[in-house]
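All chains are identified by letter, namely A, B, C and D, in their written order; residue positions are counted from 1 within each chain.
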Amino acid sequence: MRDVMAVILGGGRGTRLYPLTKYRSKPAVPLAGTHRLIDIPISNCLNSDITRIFVLTQFNSASLNRHVSLAYHFDAFRREGFVNILAAEQTDENMQWFQGTADAMRQTLRHYRRFRFKHYLVLSGDHIYRMDYRKLIRAHEESDADVSVAALPVHRDKVPAFGVLSLDDKGWINEFVEKPSDPEVISKLEVGPEFFESQGKDPYEGYCVANMGIYVFDRDVLEEMLLGSSELDFGKEVFPRAVAENRRVHAHLFEGYWEDIGTIKAFYDANLDFVEIVPKFSFYDEYDPIYTHARFLPPSKITRVTADKVTFAQGCIVDDSYLRRSIIGIRSRVGRGSTIIDSVIMGADEYETPEVKANLAPGVPEIGIGHDCHIEGAILDKNARIGHGVRIVAGNGPEQQGDGWMLRDGIVVIEKDAVIPDGTQLIFR
Amino acid sequence: MRDVMAVILGGGRGTRLYPLTKYRSKPAVPLAGTHRLIDIPISNCLNSDITRIFVLTQFNSASLNRHVSLAYHFDAFRREGFVNILAAEQTDENMQWFQGTADAMRQTLRHYRRFRFKHYLVLSGDHIYRMDYRKLIRAHEESDADVSVAALPVHRDKVPAFGVLSLDDKGWINEFVEKPSDPEVISKLEVGPEFFESQGKDPYEGYCVANMGIYVFDRDVLEEMLLGSSELDFGKEVFPRAVAENRRVHAHLFEGYWEDIGTIKAFYDANLDFVEIVPKFSFYDEYDPIYTHARFLPPSKITRVTADKVTFAQGCIVDDSYLRRSIIGIRSRVGRGSTIIDSVIMGADEYETPEVKANLAPGVPEIGIGHDCHIEGAILDKNARIGHGVRIVAGNGPEQQGDGWMLRDGIVVIEKDAVIPDGTQLIFR
Amino acid sequence: MRDVMAVILGGGRGTRLYPLTKYRSKPAVPLAGTHRLIDIPISNCLNSDITRIFVLTQFNSASLNRHVSLAYHFDAFRREGFVNILAAEQTDENMQWFQGTADAMRQTLRHYRRFRFKHYLVLSGDHIYRMDYRKLIRAHEESDADVSVAALPVHRDKVPAFGVLSLDDKGWINEFVEKPSDPEVISKLEVGPEFFESQGKDPYEGYCVANMGIYVFDRDVLEEMLLGSSELDFGKEVFPRAVAENRRVHAHLFEGYWEDIGTIKAFYDANLDFVEIVPKFSFYDEYDPIYTHARFLPPSKITRVTADKVTFAQGCIVDDSYLRRSIIGIRSRVGRGSTIIDSVIMGADEYETPEVKANLAPGVPEIGIGHDCHIEGAILDKNARIGHGVRIVAGNGPEQQGDGWMLRDGIVVIEKDAVIPDGTQLIFR
Amino acid sequence: MRDVMAVILGGGRGTRLYPLTKYRSKPAVPLAGTHRLIDIPISNCLNSDITRIFVLTQFNSASLNRHVSLAYHFDAFRREGFVNILAAEQTDENMQWFQGTADAMRQTLRHYRRFRFKHYLVLSGDHIYRMDYRKLIRAHEESDADVSVAALPVHRDKVPAFGVLSLDDKGWINEFVEKPSDPEVISKLEVGPEFFESQGKDPYEGYCVANMGIYVFDRDVLEEMLLGSSELDFGKEVFPRAVAENRRVHAHLFEGYWEDIGTIKAFYDANLDFVEIVPKFSFYDEYDPIYTHARFLPPSKITRVTADKVTFAQGCIVDDSYLRRSIIGIRSRVGRGSTIIDSVIMGADEYETPEVKANLAPGVPEIGIGHDCHIEGAILDKNARIGHGVRIVAGNGPEQQGDGWMLRDGIVVIEKDAVIPDGTQLIFR
């Protein structure tokens, strides 16, 4: 698709995902024990034959740049193919940081404009879904819209969490309502079953359609809108104005799994769904894979283990343990006698060498999970050091935090590089 | 090491490894569920900073070429780095196939001679070991030898299976005896503990030293020896003649694991050793890894499984099974109620799509292992289709074969792409 | 184009291009001072979004393999993208060399058949043209043909050199005549201006249409034809039989430059045309480039030179010379006082280091062209060493040859690596 | 060299090189018609087997990131090899831009510290030289220094432009004087011929040694110095303090060409020296090349041209012109009847398509140089559009500027993307 320029909005500091975003930008948060959030929109682009991709971020941009440059290097025969991180930069004209997603696009416009293309595809870095964007772009072209947006059918009971689109019977958008809660308003936003049928879908009743944060803009329209304003936020200001200004804004229905990984709870639930035999989102598709940094790691070695609904990434060593409904991420080490239940173990960035292990300070455990531990309802971020006999059981306590951990949304999050000494008990049941 | 040109002798038809070599050359045989035999010498070269590597083969060369070109592409900054398969080719001067390993080197000499280097490093494609060749090459240079060969201490009881080197007390080789069996001859070949001590090793008693098939030749010496003869085999003719001609041939002692994967039994044993907690050969070394083709595969998904001494490669799906002391290779599928013991499952080259599965001929199972199977003492080559209720139990019966399988060295080998229908019973206990 | 498998027939020994094919296969012959013949069909494939490409050759296959593996490595996101050389190989079933292009395809069928695709695109390695194969394949699909072939309008005076297609008024082929010379036969083969007009072309009069050697076969059709016969040649046996058997064989008209580089004369003329301001075939197209191995070479350095219709590849050093209507290939060196006219200088594979130069045997010049030379009407193959005061002037003498050179088609060809001593006079005017 | 981490200081806004730095950071300034300044230190690193390279910049960082990610992608077998641009980023701890080179290193320390290494190699992005850093690092290790710095012998007459090192007779540095002008001070800084001789150099007389801005720091020393201060500039504050604090600071003599491209004049002179037959700095070295982004461009096409001391990069089209002592950069176009003397033509980032040319606004020339132009003593930045009949002749006028040009250091600089209409006369002689 030589006509398309993809721009992925990296978003802000990701406070709702804190502490996973303590040392990294939101798109760099690890997913499913092997991937990172940014791999989803990039892979969707690649599988849609879109190979010019910019990612905008200024918060902890270096680690994202590192991941992307290791994982996504294209051959020279794609001509203009690239995935480029655009961090904030100082120029002759501008000495400021990005002030929001729309400001980031405005400041970086000159990097897009040197290319030839017709449409901007504007994406987020924190959604889970599989989409062939070519369909959206073709629908955009065929409807002769200025702006198109992917739209998700959502039952009226759930719409207070979404931005909701008011459609006419051809799918043109005449209003955009952010997180409606008034039942009367919601009733007006309801889309009748006839509309869904006219789009070749099931005749949903009692449904609205929500903005998925996946936009196609005609190049001229977006550049004019950005340059003619000083709006800071893309989803909250630029897109609503396109509707308000009576531009031709069209909704393109999407059916399938789509999830906004906005909170610790949503992140945790999405990860644990991957272990199901038939998960809502599958990484298994040899023709349209979800890519990531391909590593040279050995198979996982499992000794005396009972595992039920567990995914093992590469390079794990698990000894004499019981594992249930958990993600075991790359290079994870689990000591004998341990139990892991309902947990997301992100794994490690590297193996500790024998010399490093020999020189650990007193009381600092090795990276991984020691022996005789019980981990339940937790997220262990990368390189966490869990000592022997540690018990972590999540529960619905109030949000709180300690040295290297946080209880949030009822889930215990062990921070990246955290040290949890032998015998620690974090029980919130 | 800009002074070194590595040449890996792919060997002949690999009859002792048949049927693993039915559709592939010996260096392309899969290892450990993820790798291929050729990955071992190539990785040793890369970890020794040797990046000019030719692999000679004419038997099923295309699949080896494919693996190597996918796995080992070097960046442009290495100048002359490459791994090139040299298949037999017709030229103005020669219209013949390779007649042996020495003939293969002779026929391909012009491809090496265009480079600048001082030493040939001649390797085999079917050994398992980890070696820093730089030490061997430095010892070669320091001793001012014409030829150096890596030498393994072997107890006299085991030497009838080896090529044995007769050494003086400085490590110079004065005789080479292929597979000696006469105890008197062996006694003469014994190397005293003083020699081992002089080399900084333990003072082994009752040991000889064996030829490991890892040679360093001065460039001029080897080219002269090849061009001045019509010998066909490298290890059996060229190297022995170097000794017989009183060239300066030196032995460089190696300590550590080294295994010749020459037979089905040796192949099987070497694979099953990888599942040990402390295996003889480890793929785990983040600084000197054993490389292979890096793939985009999801984590393995394990549901209701008890596993003991098992390695899982990427992309497996195992359901409700009992696994013990086995290798589970990439993309393996194991159906519920199955038991796998003491087996090497090589996995699959690709996932079958739903359409393919829907169109299988009657009686043809899906790729993988069906439900309620019992597999014990077996090697399942790639893409084998094992139906439901299949029982395979190896045993010490005479060599025999059936449709898609072979009993060899007491191990059942299911051939690549074989179809083993529902309910098949192959029990040789 | 995931439905297409491209197979490039490397052809035989290339005797009509000898001595350019003395040390290399025909597709590896250097072109335009920077490229090789094989770069043309591979680039056309890449620019047509076809990325599964096999090249069949057994004659001097190693150098072709080397060029292709250096130049055409695809990123991992193309899934099944590759350019693979298939050299002859021995297998369990077959121990023979390729006996012709059809036999080569038959012997290598198993390598294609493991992929999913619908059409074979069969190409030659020795034609110069720029074609978007997607148009041909779409026409093939729309006409529901079994076989389609690209067809070139050729004036009846020139058809004795071509394979000529007899068409009905829809473009279906009912006969194939190889090199017709009888005027009556040619008259019958003439295609009226109405046909050209019906295809949206100019109403050529007195034209036939010729087979360009660019075929699309339905997968099943080609596999059945190959497996059901023992034909050896593709263009002379398999394709004509498709016509003779009344399969649906369709012609797809092509307009534009197409040249078969079959002889020294054709090769020479095609090269010299590249220096024209508006050449028949242009390498200049940043969107659909002709690729080759990208090298790190410095700009060409030109001192006191007058040049008219000359192309300079990278890394040349030309001193105090007069150059006219010539190709100056990579790393060419031209000494002071020299004149080069109407010549193709292929350049050098590497620079000679000062040490190498210092150690040349007496009378052996450096690589390149010495001082005070006159080169006219010649092709200098790679790494030729032309001494000082050498005069080479081609002419219409009978074919003849000497030490390192050959007069063929009235052109002097200096062989690869040839040594032409100081003062040599090769004048055939 | 696994023990070394290279950090290239991208520097500030590059005001002395303005307007070449108007749209790019200093390390991204084009050099020699094909390269960029940053290619020099990166290539020196690669040729010294140093493959972990960070480049620090915040000013116009995106274009530098783009060049580096296109040009310097390493294969996966180098383990930790990379060239990473570190732009300013916001983190949990820091929301500020870099305040100087030392501050930039301090802010980015956490990106280096995750690696294992012993020495920092700190480099600049705006010097031209060829150095094997391994010698410097070995000398550093052998002398057991805390800090080592490459030192250039400079005649006392020229030292007022340099930072000068005061040495004892073993090369230890006891004082650092920035740009000394007092002859007495200079006399004290003179290093006697005995010292040069003791270092194996010629016995220079009347020479001092200057700081080349190439530093090796022990890891601990540099991290302690950065974290224990709030110094902003590396060369002016951190390094002098190392001397002032009596750390073990050692000078390592370098002989050869080294040039600081700090001004328009220095940049111009360095470029024009490349056209000499024996230039001070050569890009010609097939074993230690200066790398850059390898492009797929055709040979340069030269018709009716007389050229003397000219380098042609790839893809130029030059017609009926006279060129003398000039750099002709990639994709340059020169119209008939033009003369180019003593000029640096940087070329173009892409070819203009026929459609673009057809749609140029009235009075806007095509990219390149029109016909009947005279360009002398000028630098034409990338994509400049020089109309027909333009005359540019530089001279020693006062610094001044106009629309798209600037006279600086007596050289006319045409800005990137500038439009110079037909008939413009810029004559300052």
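Keep in mind that, in the parts below, a residue touches a chain if its C-beta (ideal position, glycine included) is under 8 Å from a C-beta of that chain, and two chains touch if they have at least 3 such contacts.
Worth saying up front: this structure is predicted, and the values here are computed from it rather than measured.
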item: Pair joined by more contacting C-beta pairs (B-D or A-D); value: A-D
item: Relative to subunit A, chain with the most remote C-alpha centre; value: C
item: Where subunit A and subunit D are represented by their mean Cα positions, the distance between them in whole Å; value: 40
item: Distance from the mean Cα position of subunit B to that of subunit A, given in whole angstrom; value: 42
item: Subunit B and subunit D: spacing of chain centres that average the CA atoms, whole Å; value: 49
item: Residues within subunit A bordering two or more other chains; value: 73, 76, 286-287, 289, 291, 294, 296
item: Complex contact set, residues of subunit A against subunit B; value: 32-34, 275, 277, 282-284, 286-287, 289-292, 294-296, 298-315, 319, 327-328, 350-351, 353
item: Subunit D - residues contacting subunit B, complex; value: 46, 72-79, 286-287, 289, 291, 294
item: Of subunit A, residues touching subunit D in the complex; value: 13, 22-23, 58-62, 65-66, 69-70, 73, 76, 82, 84-92, 95, 97, 108, 111, 114, 294, 296, 349
